[in-house]
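The following pair of complexes shares a single chain, chain A, combined with chain B in the former and chain C in the latter.
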Partner chain A sequence: MAGRQITYLTDAQMITCIVQASQADKVVKAAQDVGAQGATITYARGTGVRERMGLLGVAIDEQKEMIRIIVSQEQADRVFEAMYLAGDLDKPGMGIMFMNDLDRIATYIPDEVLNDAKQTKPTRKASSKSKTTKKAGAKK
Partner chain B sequence: MLRYSSVLRSNALRHREISYNQLTPKPDADNPEALKPQKLKLGVRRVMEILMPYSGVRVFEQMRAVVPLAIYLVLFQLIILRQPIDSILLLVGGLTAVIVGLALFMEGLNVGLMPFGTLIGDKLPRKASMPVMLIIIAMLGVGVTFAEPAIGALQAFGASVDVARAPYLYEILNNWTMPLVLLVGAGVGAAAVLGTLRFVYGWSLKPMIYAAVLPTLALTLVVYANPDLRAILGLAWDCGAVTTGPVTVPLVLSLGIGIANSAGKGDSSLSGFGVVTLASLFPILAVLGLSLFVSTQMSAEEIVVAAAAASANVSDAPVGLWEQSPLQEIALGVRAIAPLVLFLMFVLFVVLREGLANKLFTGYGLVLSIVGMCVFNVGLTYGLGAIGAQTGTVLPAAFMAIDLSAVSPIYSAMLGLTLVILFAWFMGFGATLAEPALNALGLTVQNLTNGAFKKSMLMYSVAIGVACGIALGIAKILFEIDLATLLIPLYLFALLLTFFSTEEFVNVAWDSAGVTTGPVTVPLVLAMGLGLGNAVGAVEGFGILSMASIGPIIAVLSMGLIIRFRQSRGAPATTQTKGG
Partner chain C sequence: MITEIGAFLHKGTGSKLLAELEGDKRILGIYVEAGRTEDLFAFREFGSASENDIVTILAEAKNADAIFKLISEKADLTEPQSGLVYQMPLHKRAS
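Right, the complex of A and B next:
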């Protein structure tokens, strides 16, 4: 197909948050309320503080849900905090979360959004490998 | 342009940074254990913070099933029957015990007993031959029946039977309780064995249903022909609904699925069904058989004489509430759980030579399930049983004069009877929709039929089926209809529908009945039926549950046929249900 092209989005962060099973929904809801676009939830099993609490460990579900949310740098702190609070991560055994930089992301972007967006200069280290990749909105 | 205040708001949390390096353990030459995880010390507040949501969620889950039902009963009694609630504090205490007991028991079941089930299901097929496996499963069937909370309810109501009019029913409930529960358990065991074979070989459920229902109906006819035995029918058919409760279903299923995974050839999506059906049919057969056996051992006159002698002894010494209650309930609770646990341990440690992953948690779960069972037993007597019996006793005030109520009859006979039957209908409808198991079943079915059978559709057809069944059961007691004359045509009709239905719907429909009669509905309905039966002077008040079992079967099967009919007319190319 001619005319297909890829748009790289930069300035993105990924937030990963691991909570007990069936807790993910409220965390994701909180993240979306402050602007997160979507979330991926996977099921996992985790160990850690549970094993060190003795009998009290039964109160913590061994089954976990792992939430991954991609956010822009601008919204990252806001979403991170909202998720932290919604997940009650300031209480023991509730879970852990972390954030890391993403090199680039690519997905479907509606044309009208694309046309509004200003194309950024390829300055980040991601673009040093391929200098001609940033052609967002340059179609037609 | 960015307002400073919005920056502040977006970073609302006070934060500080600490290097993670400071928190991880450092190697220590003197102490080789230094790098290993240390035991955590938590303050009381932290412990509470962990325990509150943990217990809150579990208690709330049970409250959702119990509280609306209790409120409905109380409001109906106060407003429609204009009868004050008796000993309300005791009732509230009893219902609280039910909620707490069930929450404890279910958590104990999940933490303590279920790991045994899955582990054994996983390992057993690899280490044991087929016959050994089947024997273990059969014995497990007996064990889970003892542990089923609602089975205690059956025994508790034995004393209320009128010995002169239903001698054999009285005899079995009072002097044959052990063989009764054993035989019911044997029925469940046989069902579990057949269900497992079905898992493994992928057999169709239809012939099994024919093979189980037809002899049951035949025996019903035989028992029906003997007027002394006739009253047994209600008990026998109710046993089916009682046995398929929160212990049997998950434990037998987890074992069966484990076996199917490692040895099975069957279609895995459907093979989980069917056990529940058989587990509710075989006990009926067993109880009917027992009644026939008892009838050859003793004559009706002998029983009446013996009962009169026994009651003369007992009635002299009324037992105080606190003297009899806690110790006896605890003994019952331990007796219910202990055999199952010992058996599971024997299989796991001696037969399989496996260890448990976490002994501390399992021990905690086992203790919890026993404690929960005891608390639930107390609640069963003073909560569910009491409120059900109370409502059942004053229900007739709506249409006839009874001693209890000064204003009775409150309504004309016609209106009163209609009200009572409507009351039963809505109670069945509401209680069924609130069962968590039904929600799960609905989801499974929706997935299985690729959305042809919607979750809500299944839930409503099951609820309507149960509601009609309970209404019919109440009518049976009110008008003293013989249970057999209702059961036999209904089951024959269900068989006919089964013949025309596809395998999927047969599986779902026959299982829906057992799955949806939970530990709250069963004792409540039993107590209500018995109370009502006593109040109107019926021979016995059993049989409502059996009606509530056949109701959803017919409802779901008919619904399935309607859907298939519509699909084949509307879109002949895409009949998704033509799988089986």
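Right, the complex of A and C next:
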């Protein structure tokens, strides 16, 4: 693996949002409108509030969509709030969302972006020579 | 202290990774989900989205570096459109 480098991005958060089926697209659109690059969506099955609130358990859809979005710390609150409002999560039974700190992210970063980052911001060197660390910026 | 290492990868890569890492004593749990992504891959299958695998690995924090590196290499992150690997701490464990 000589010559290969892993660039770690730090200062990022993962926002996870669980909404009723078919609601994910509008929540993702709201996140993108305030700067998120995109999202990863999976299908899931939910329980809990459905039994407590749904009329005979049918008024609240059992099928859920789970949205994961990775954002920089600077963007996190803005994206979180936009998703919350777009998903109507202030209404009962519409879903739940939470945010986690990420220790680090690795993905492909074009050389020109890395070079620009080196010129504009000081980078922290990781312990190994083959690794560099830089701030996440707006990377999804 | 345990840690979660997750990866958004091409469709099919998750199952391969699952098979390769089966039996690795450093891994406490490994799970694969199928989903769709909006921005990781350029090819489009469903309107603006493309299919992908989401791999979640649980491991002791002391093994996190090695596993993170292993997954990053298997994902071949030196190439564009290869996916994304992340790591986050978990605060409580019970099994």
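Assume the second predicted complex is superposed on the first by the 112 of 140 C-alpha atoms of A that agree within 3 Å, B and C clash if a C-alpha of one lies under 4 Å from a C-alpha of the other, contacts with A are read in each partner's own complex, and residues count from 1 in each chain.
Please note the rule applied: a contact is a pair of C-beta atoms (placed from the backbone, for glycine too) under 8 Å apart; a residue touches a chain by one contact, two chains touch by 3 or more.
What you see is a predicted model, and the numbers here were worked out from it, not measured in a lab.
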Joint occupancy of chain A by chain B and chain C, clash or fit: fit
Which of chain B and chain C A:110 touches, first, second, both or neither: second
Chain B versus chain C as contact partner of A:118, first or second or both or neither: neither
First (chain B), second (chain C), both or neither touched by A:92: first
Partner chain(s) touched by A:28 [first = chain B, second = chain C, both, neither]: second
Contacts of A:45 with chain B and chain C, given as first, second, both or neither: neither
Which of chain B and chain C A:6 touches, first, second, both or neither: second
Vertex chain A angle, Cα centres of chain C and chain B, expressed to the nearest 10 degrees: 90
Residue contacts on chain A - larger count, chain B or chain C: C
Chain C versus chain B - closest C-alpha approach in the superposed model, Å: 9
Residues of chain A at both interfaces, chain B in one complex, chain C in the other: none
Interface residues, chain A side, partner chain C - complex: 1, 4-6, 12, 14, 28, 32, 37-43, 66, 68, 70, 100-108, 110, 140
Chain C residues touching chain A - in the complex, by the definition given at the top: 3, 8, 33-40, 49, 52, 54, 64, 68-69, 72-73, 77-89
Residues on chain B engaged by chain A in the complex (per definition of touch): 10-13, 37-40, 42, 46-47, 49-51, 54, 111, 360-361, 364-365
Parts of chain A lying in touch with chain B, wherever the complex brings them together: 49, 51-60, 77-78, 81, 84-85, 91-93
